[in-house]
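As structure tokens, here come the structures.
Same chain, two partners: subunit A is paired with subunit B first, then with subunit C.
After this line comes the complex of A and B, so read on.
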């Protein structure tokens, strides 16, 4: 987009209208009402309003962008806010005047109440417009701030909203530590109120913003100081850092308590799968939509081998630790067997066929034909928790260590494979399969290795899932899991290992924490993916090569060979 | 001189279209040979047959007395044939260095277990690949550009990088598909020296497809002319230039007779 010299009215109005439509959608699908029950700041800011504010702030931020002067940027954001307010006004008025509940269930008086701050139509509407216009101007102000401050302020706001959102969980967790009781009470308020207290919110915002500013201005200095240190000092510093990290990781379940540890475990299983799929899709560029098949195969194998239910035709009743390597082996084999038919397929064809494989495995698990062996629709029950030197891994806090070990192993293996000849071959294959082959790379072996490694990680994840739940059913392995894992590596950044962790936290951890809103999970997922593809197609933490791919037009100008 | 590559009665058909028709061709060891012909004459198809992208319907292709038709492209490369492409096909998002290191792959033995455990073999392999890549970068005059993304290199440099990548597999026979396409006369001249240098200093046999007649006539010892998939002439630059069938294929029948007249006129004059 070229910088214009004129004030861009049209863009400001357009963005306001787009934000307005988003606002209408949020209101009419019922998100606003449902989210209004949660407070971010007790008594002053609900989660529903936070969503509306975010919508208008983002829109006016973009309308303030590329305007000729700072003043006009503010003006543009003002216009956007005003248009948004006007659209929301129309909605409120329409809902208040006409009875739309026949078709639009959520167009209810409760919605009007929320949008007019419970002040009724004429007064409330004015309040509505004024409030969102101010929010719009805030968006514009954020835009004209210097980048350093803008970053710090955005981070401060994000952390504040996040803490408010997580208040209940944080408070429950912190209640394990009576030493900080008074601080907690001050920050979150006492009794039944939800969200941060007003003072708490301001303190959180200020602390985060200022410490970020401080860190940003000193980071380079600190870094250069570390750089100046002698090699062995640097090394010991690094070891110290890793040691601390390890300590935190080991101590985490104690810190987090039962519920949060369970959330971490669920996230961990998704990350483990993500690391596997990242090899297949991210490194090797093979779009696999039936990835859940290996998750199922891992879970079912451990189920058949260790279940003590006595309902299956063969009772192996093995010890988990004996069954584990067998499970991994079975998954690797499955990866190869399902990989062979698709060796010559690319792109869409590969995606469709693997999608089919995923469904075949699930339907096989459901079938009556295999029922005597793997339980059919009743699944496999009574999978005993493993015993690790006398410690029974049957609680989230103990299973946590098994999951962390699995993730670390997968992390280690995928990092080392990436930085080797094999990783290079995968990358080359992703770039241009024909040429990679002409360079002497054996496509069959290279592809099958990618499928097998991916299957092994996914299978490991499934195995842990089986002992975690103790029972497995075919419907635990629906297509949606494949889609979820794929989304998480797309959001994190294809081929990026840290990206898998970020994607896992965002798309598996966060929804788990916000269970009460799970109705809207897929809607938010979809919106997030669309926005992601528009704004940041390379993901949150992109891998270098992929980043290049998405910014082809912004390449460094080189002297043209005339 | 012994021939490195020999094609015997090679025929490649696509449905009803015969792209290469009973072609016989010998490439002498340590020579620079060219395949020329109008567009659609089957030159690239022939290259694809040699490098394993296509399997010819009839005939044999031999590299140093071993049959290579029907082998996969990676197997052909392992045997010692390497190629470049008419429209540059680098791994455009990888760095120049990584591109060449991929080319060195046939000489690496690292398996996945070596990579995970970082065995001695892994370290040796990585070191060898890296050193070879640096050496080749210097050789093609791209020293210092190793960390640049392939697609950000200037056009001429991309051509040379592609050749460096092809050389990384240490081939005995290098196939160059229009190495000077899109180059100006200056660059074409440089490329001509470069190709000759390749042969002289590395002892690699070179077979190229080219449209630039100055280049072809300047460096080829042996030229094969294809038209509609058939060989219509073969010989040194002088013979080819005066061959009426070649002139006819390139310029049409009328021009051929006229051209004959001029050539004979020149001779007598």
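After this line comes the complex of A and C, so read on.
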């Protein structure tokens, strides 16, 4: 970047200060303490500290990137680390000296203990500065490594952290397989330990890094070999791949055990909703913030139709399989009815009005007004689990198949719709409504179909939720659900179907596994949305046209703000 | 535009819905008044409460409207700026209450609470604009909106993390408690009067500022046309920051006023008033400051009288629970039947 051959002090210090402020925020919102109880490497590295290290490593990486030579890069990363350490010292000192707990609930002695490695203020502060400065230099070193090695090392570290985070779940799952007992014990330590064992961490890191290096150097060869194969061989290979995937999907609940299947189920419900919202927001470009309304309508319809509690004034007590199509139909109608008023609205207005709809539905569900019909704040209880040819769908393992079936259906429908005439109309409308209309697209029908399809998927998800829980409360349908689903399709990439799955796994699955996260879920989502919009607005797995749209904008910077 | 040329079935549907709602309102009001469950004093109290609440909405709505006028974006995080003002006001108020300062010099103390709250909100808004919004000028239209939603949640949950999840109550300030008797059995709560007067003063100051000062003129110029304003030698970025600062200070003050009335501070307190204030801004015509004031007052009164007036007569239990439904329904109805709002130009259909 900079043409002059000088050391860029300002940038290094600035990045250090920004990282420091981030560190203070992480400490004071309580993430550090909350995550400190979970170890990545048993006894030596906790998740809370990993967050701090990541902050400083990223900052010093960018600080190193601003320098003209390799030596100066290392120096800059050192400076950044030092500044970060200094800022954290100030925080520790302040928390230790003054009693701030009346105002800042997390500025507690426990925080000081964590930040000073339980060594008290004078000695601990030195340790703190030294440790984070070393971490800063690590960031600089990662920067000056050749790209291939850098990638492999980063991947190795990521996998190590990930395994450390998931150790409890992995151990529980693996305990179903006594054959690998000794290996697990070696890798995760015995009994009381909470993370990877030290040896285990190193082995994981080395294996992943080296195999990535090996794969990178051979990937092109393997790919070209596959390319060279005759057409029918290629196809059979692909079918084999899909077959394997299908087998894994079918066998998953047996493999995962009760808890993980439950996690997969929750993720599946979010993915199902995400696929629906992806049609509304991703394909048709209609930013809908009241998407949870249809989730609620689906759940409540199934509740009213099948509940056997006798608390409601109208008792249908239908079979679930009879109620299901009715629910979908009700949701589609709701999609259309709530779609008609917003037909003429665009962008911001649409977002606010749909948000208002979501709130209206929730308030109505809560109100005493409709209490005799849908239970008010007590919700609806005793929704019986459905019976599928003699199998009662009341356990996560059996419900799993229902959810997978729902996801596959939604996947199939959106895949087929994407390139159909309707799908292309949606995309045209997303790009420019006026032009789309001029091209002969019926905007009313196209928009309403988008709302209706999205509502159907969301409603399906809601009905499954209702039978999964057996009870429904208005509080399950807060705005946060809409934001959750929106975040996951944006992170995955708007309009991209694989993106929904990626986003679902990242934003719905991961937080379910890391229970500590749940408190900070929305904080992290919020930050993620802001950062994504600036750094990678097209998402992790972008859809082609969307990617082009965003790049087009980067190439032509507007002079408006000059 | 297209709806003028031909009536489609969707228009018919909306007209039917609109007519049904209107009938509901008329029949409900008639039945309520006929039953005579409420005395004139009660109606008066409700109206004054609505006016006070509406003044707060108007103050927040001004922030939405000013930013929308210039950037053509809904600053979704504005409700969190309102909340931050209330929070900081709370900490200042409690510490002053504890030291006894607030009892000795109540006026000075209250002014100080307002100043700190407004400053914090303004600083937060500057940071928000600088970090989140400025890099996105000229991005596709959904991008700034999604950023704003993200920023809103980030701020909300940062406050939750920093200051805890519990509800906190503003201290009792004796100076602003009690009621002032008017004629007959009519009386007016002191705090409501203070809120109304304070809001009116601030709005008058804003109107003067926008109309007569140099910055105000520059703000109007930028909201007309950014590039032409830049050609005229106006530093557009600076004006945008100033707009954010003005909007945020009003929101911070509104936060303190709101808490003087309702006394409870929570991290999610911004959401509903923010949404209402946006409704008020749309009601008055978004981008139009006098409209926002008018919209806020109207919404406040509508919301306070509405549930009792329209729904009580229909025999709906606990109509007050449905006040938000009434406000949001009104938002939708306005956007459909009069998207220009009371005073604004038509923006909801033109491309922002």
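Here are some notes:
Heads up, the rule we're going with is that the second predicted complex is superposed on the first by the 536 of 562 C-alpha atoms of A that agree within 3 Å, B and C clash if a C-alpha of one lies under 4 Å from a C-alpha of the other, contacts with A are read in each partner's own complex, and residues count from 1 in each chain.
Keep this in mind: contacts are C-beta pairs under 8 Å (C-beta built on N, C-alpha and C of every residue); 3 or more make two chains touch, one makes a residue touch a chain.
Treat the numbers as computed from the prediction; the structure is a model and nothing was measured.
Of the two partner chains, subunit B is the only one that A:421 touches; subunit C does not reach it. Of the two partners subunit B and subunit C, it is C that touches the larger number of subunit A residues.
In the superposition on chain A, A:483 contacts subunit C only, with no contact to subunit B. Touch criterion met: A:525 reaches subunit C, while subunit B stays clear of it.
Touch criterion met: A:103 reaches subunit C, while subunit B stays clear of it. When the two complexes are overlaid on their common chain A, residue A:25 makes contact with subunit C while staying clear of subunit B. By the document's definition of touching, neither partner reaches A:252: not subunit B, not subunit C. By the document's definition of touching, of the two partners only subunit C reaches A:346; subunit B does not. In the superposed model, A:54 lies in contact with neither subunit B nor subunit C. Contacts of subunit A with subunit B, set against its contacts with subunit C after fitting on chain A, overlap at residues 549, 558-562. Against subunit B, the residues of subunit A that register as touching in their complex are 412-413, 416-417, 419-425, 427-428, 431-432, 434-443, 449, 453, 545-546, 548-549, 552, 555-556, 558-562. Here subunit A touches subunit C in the complex through residues 25, 28-31, 103-106, 285, 287, 289, 340-349, 351-353, 355-357, 359-360, 363-364, 366-369, 371, 444, 479, 483, 486-487, 490, 494, 519-520, 522-523, 525-530, 532-534, 537, 549-550, 553, 557-562, going by the rule given at the top. Those residues of subunit C that touch subunit A in the complex are listed here as 3, 8, 10, 13-14, 17, 73-74, 91, 131-132, 134-147, 149-158, 160-164, 226-227, 230, 236-237, 271, 275, 278-279, 282, 316-319, 321-322, 324-325, 328-329, 331-332, 335-336, 339, 348-349, 351-352. Note for the complex: subunit B touches subunit A at residues 51-53, 72-74, 77-78, 83, 85, 89, 91-94, 98, 101-103, 105-106, 108, 110, 112, 114-116, 118, 122, 125-126, 129, 149, 151-157, 165, 169, 183-184, 187.
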